[in-house]
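For clarity, chains are labelled A, B, C and D in written order, and residue numbers in each chain start from 1.
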C-alpha cells in the first residue's frame, strides 16, 4: 500500500535497511564511541561544514527542542511563524523543556521575513526586563507549507539576525528537498545557520535526526544535554549507520529530488482541474490544495492523503517510495471524478 | 510628588502602614502560623467565599504563575488574549515555571470572548497528542486596557469553560476597581472563577498578593508550592496584616472607588479637547488615550504618565493617593496647551 | 568481536532484525496508529496485565523520566537508593524534566528496604511545607549491582508504600533477567508496581523501551507527554515490531535465561581463583568482582569488560550474543594468569 | 512575647520600621528605578565590593534559587552538604526552578571541606556525559548548625574551586553573624565568593534578601531573571529602604554582635548543667543542644525554642530583639529544673 499522507507513513529505504543489517555484527562500544558513528559524523561534517558539531537524536521534536535548549537561557525567547512546527505540533516541548517563550508572527507562504523578525523583536524588547529577551530566530526549510527559502531570503534573514544579535536555527526535517529544489549544495543552504535540526526519518530512515551546530560554541556541554535530553541511544551504531548511508553518494538528495519531482507532477496535474486550488507554490515533496468537496472521500480511498484538521485543505506528501505510476493512477481517478 | 504613571509608583496607604506598625510587637510564629495570618485569611474567605483556600505571595507575577502551576499538568495549556499580563509582561514566567504553553487570540477591548475561547480551543485540540491540551482560561479583571468584564460576560465565559472542560483563572490585580465600577460585591465577581490572583500592591499595600482557590481541589499541596515557588515569607504576619487592613471596612473597595472616580473625571475632561482620543471606555482607574503630539512632553513634566513602549499611546493610572486637585491642575495645564 | 562490557555493546538479535525487515513494506499510519503497534501493545498487556497502558519510547532514561513525570507533581519527590540509575547515570534528567527531588539512601546489595523507605520518608515529611512530599518509590529489577528483588521483598515494599501513600516505580531495563532467575512469570514480578520502565535495548532490541502503567490512572494524558517528552517516533511500527518479536514465544525470557546462565557460570569459575572476590551474589546477567590488579589489562585485552569509574571493581555483563565458549576461553585465560 | 525559636519569629527592628515610614512619601518610579534603591545598591557595593551587581528579592529561597539559576546550565550540578538549606528546606526549589542536581556529602560541623568537594566532584565527573557536570559549590555562612567558616577555610575551598573550575556560592542569610563572630569586615568574608545570597529578614528586616554577584559576569541578563523569577517587587523602594538602613552605620553587624553575644552567653550557661550537651561550637546567634528530656516542655513554655523535627535536639536562635534578661531568666528556670 502506498499513500500521499506523510513521509512518516513511508517505509525505510532499502539502502538504509541494508546498512542496518550490515552494522549488525558483534560487539562495538556503546553511546557513539564506535567507528560507524565517527564515520557518519565525519561525512556529515564534510558535507555541511568541517567545523560543525554533530549529535544524533531520536525525533524531530527532540532535535528542535535540544537545539533551542543549547542556544538559550531561560529568559530568552524564540521568534518564529505562527505555523512553525515548534509552535504548532510539538505539544509545547520547547516551553516545557527549555522554559522559553515563542514569539510568533503571521507567516508569508510559510516563511518568516526580515520585517516580521524586526517587528516581533521590537514589540518584545521595548519592555526591557518585563519581557523576555529575543535571542533565536527559527525557520523551517522546507517550510510547513512546502515552500522553500531562497538563498537570498536566507541571507536577508541572517543580516537582520546579525543586526539584532540573534542566533539562527533551521528546522531542516525536509532540508534535502529544499536543496534538491534549489539545486544548491546542502553546505550552501546552511552556511548562515547557527544550529540545524537535520532530518532523517522523513528522508527515508527508520528513525533518527541530528542536531548540527554550525556555530560550534553553542555545542558546549551538549554531550550532557544529549543524555539528559533522553536522546543518547545506547546502541548508537544503528542510528549512525543510517545517516552514513543517507549521506553516502548523496542518497538523501537523490530521494528528495525524486519525491519533489513527483509532487510537482501531481500538483501540476491537479491544478488543471476546475475547482482545484493550490494554496502555495509546490516547491518540494509537499503541497496543499483545496479540492472539490465531492472528490475527497473517493480520492482518499484510492490513495490516502490528509485533510488538515479543522479545515477543508488537502495536504499531499510524496515519499521516496512513491512512484510516478501512483501519481498517474491518482490523476486518472481525479479525471473520472471531474 | 504625585504621578498618573502607575499604581506601582504610589505610596502605601496610611492605614496599611499603621497596620504594619501595629503588627510589630514581639515574637510570633513564622511562615503564617500566626494569628494575624489566620484572621486575614478568614476575612478574605468571608468576603469572597467561605470554602476558598487563601495563600499570600509576593508579587502579581508570582500569584499568576503559581495559580497556573497549581492548576495544570505540563502538557496542558492556557487560553488568554494577546494583551494578557501573563503573555506580555511576565518575562515568560508561566512558560519557565509551569512549562505550559499560552494560546493567545486578539483581545476585544482587552477582553476574551466565548467565541474566541472556542476558536482557540478547537485550533489546538484538533491536533490531539501533537499539540497541548487546553485546560485553563485566564482573564484579567480589570483588563490590561482598563475595561471591565460585566457579570453577564463572566457568566458566558464560565459557560464555555464548562462546555469545554476548562478551568477559569482571573488575574485580579485590580479586582477592587472592577467591583467598584460595577457596584457589585467582590463575591459576585469571583463566583464563576476557579482560581484568583488577588491584588494587593496596586490597591495600596507595600507588597503582597494572594492566590485564592475558589475551587479548593486545585489547592492540594499548595503549601509546598508556596515554599517551592519562592513565596513563603518567613515573617508572614507583615503580609497578612496588610491584607487584614485592606479587607477591613472595605478599605480596598473605597480606595478603588476613589481612584476610579478620578480616572473617569480625568478621561471625561481630556476627551473634550480637540485631538484627544480615548482608546477604550474609561471603566476603572486606568485609561488609554492619544494626545496631541506637542502636548506630551509638557504634560509629562507637569504630572508624569507613561507613553506605552513603541507607540504614541498615553496611559493614565490614578492611584489611591491622587486627589481631585491633581486632576484639575492637569486639565488646567492641558487647557493652556489647547 | 564479543565482549563482557555491556548489553549495550551487543548486537540486535536475529529475530528482532528479521522483524524489522518484515515490517518494512509499504505505507502504514504514523505515530503508532498502525496494526503492528496495536498487536505489540496487546501482547504486552496479555503478558503483564490486561488493564495496563503501554507506550513505547526511545531510551531507558526516557522511560524512567516520563514514568516519573506522569506520576508526580513538582513538589513531590522520589525515594531511591544512592546507586539507582535515575540518581547516578541519567545526567539529572529526572530533576531537569520533572523538577522533582530524589531522596536517596544507602543500598543494601543494590536494593531498597522497607526500613530505608520509611526512614527517608520520615526525614523529609517531618518538615512539612519546607520540604518535598515523598510520593514515589523507585526500585530497579534487576538492580544496578545485578542482584534481584525476591517476590517477598517486593510485597514488603508494596506494603510500606500502601502504608505511606506512595506509588511504586520499577526500572525494569533488565526485568527479563530477574524473571528468568526467579523463574516466575513477568506478570508476577510487576503485580505490585504502579508504573514500569520495561526494557528493550538491553534485551536484544536495536532501540526501544516502554512505559507500562499497571496503574492506568497515572497514564491520563500520557499521549501528550509521549510527544512532548520527545519520544513519539513517527515510524512507530519499527519500535513496535521489535517488541512484538521480543514478547512472541517468550524470546525475551529465553535470551535472559541464556545470559544469566553464562554469567553464573563465569562468576562461579572466577571466584574459585585466589584473589578474586565477588561483591554481590551473581543473580542475573551482570556481576561485579575485584580481580588481582595484574590480571586486568590482559583479561580486558582478551575479552573487554569495564572497570567501574574511580574504582578497582570489574563489571561483567553477559549479553544474548555471548556463547559458553567465550566464557570458557576467558576462564582459561585467567587460569594462565593464576 | 519573646522566643529563642527563630530569627523569623522576631519583629522588625525599629530603625528598619522607621526607614519604611520615612520612605512612604509620594510617588517614585517603580521596579527599582528610584533613588532609594540606587543608594542602597551603592552602599552595599561600597561595603562588599565596588564591582558587585546587587539585586533585591523576597525570600532566602528565592535568593539561593536565582543565584544558582544565574550560574548554571541545566546539565550542571551543585556540590553542597547534606545539611544545606538548599538541600533540606527549600522544597526542592533548586531542582524545580533550575533543573539542576544537588550532589551532597556529609557535613563536618555543618561545613564542606576541600576533601569532600574533591571526592564528590570525582565521583560525578568520572561518568562523563552519563552524569551531570559539577559546576558550583554552595556553602552557608553561618552554617545550618550555627558554626562559621574561618577565613582560612574559605581560602582553601576557593583553591579547590579554582583547581576544579567550580564557581562558589555562599548562602549568607546569617552572614552578619559570621562577620561579627570572626571580627572581620563583610568584604573580607565574601572576597572568594562568586555569588552571594545576602540575608535581610533574619537580620532584622520585615522582608527582603539580595542576590549579590561578586563575579559580575554571572549577572548577565539577571534583570530578566529577577522578573521571571517572581522577585521584581513593583514598589521596590520599600525593600531598598530596609537594606539602606541595615547597611547604614553597620546596623546589621551591630545587631548580629548583640545576638551572638546572647547566644554564647546562653550556650555557656546551659552547658554547665549536667545532662546538657552542645552539639557544635556556639559561634553565632544559633546553637544546638541535647537537654534532659524532662526539661523540654517546661523550658519551652517559659521561652519557646524548637526541637528539631524527628529528633531530640533543641535549637536555640537568639534574635536582635532578645535581651540579656531573657537569657538570664531562662537560665534561672533551667537551674530550678536542675
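The criterion applied here is as follows: contacts are C-beta pairs under 8 Å (C-beta built on N, C-alpha and C of every residue); 3 or more make two chains touch, one makes a residue touch a chain.
Worth saying up front: this structure is predicted, and the values here are computed from it rather than measured.
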### Query
When the contacting C-beta pairs are counted for A-C and for B-C, which pair yields the higher total?
A-C
### Task
Return the chain whose centre of C-alpha atoms lies at maximal distance from the corresponding centre of subunit C.
B
### Query
Roughly how many whole angstrom separate the Cα centroids of subunit A and subunit B?
42
### Message
Averaging over Cα atoms per chain, report the distance between subunit A and subunit C in Å.
### Response
33
### Task
Calculate how many whole Å lie between the centre of subunit B and the centre of subunit C, each centre taken as the average of the chain's C-alpha atoms.
50
### Junction residues of subunit B, two or more chains touched
31, 74-75, 90-92, 96-97, 129-130, 132, 224, 227-228, 232
### Query
Which of line, ring, star, complete or other matches the graph of chains that touch?
complete
### Task
Enumerate the contact residues on subunit A facing subunit C in the complex.
1-3, 5-6, 8-12, 17, 20-21, 24-31, 57-62, 65, 90-93, 96-97, 201-202, 206-207, 224, 227-235, 238-239, 304, 319, 321
### Query
For subunit B, which residues count as touching subunit C in their complex?
31, 69, 73-76, 128-130, 132-133, 221, 223-228, 232
### subunit B to subunit A touching residues, read off their complex
74-75, 77, 88-92, 95-97, 99-101, 122-123, 126-127, 129-132, 309-310
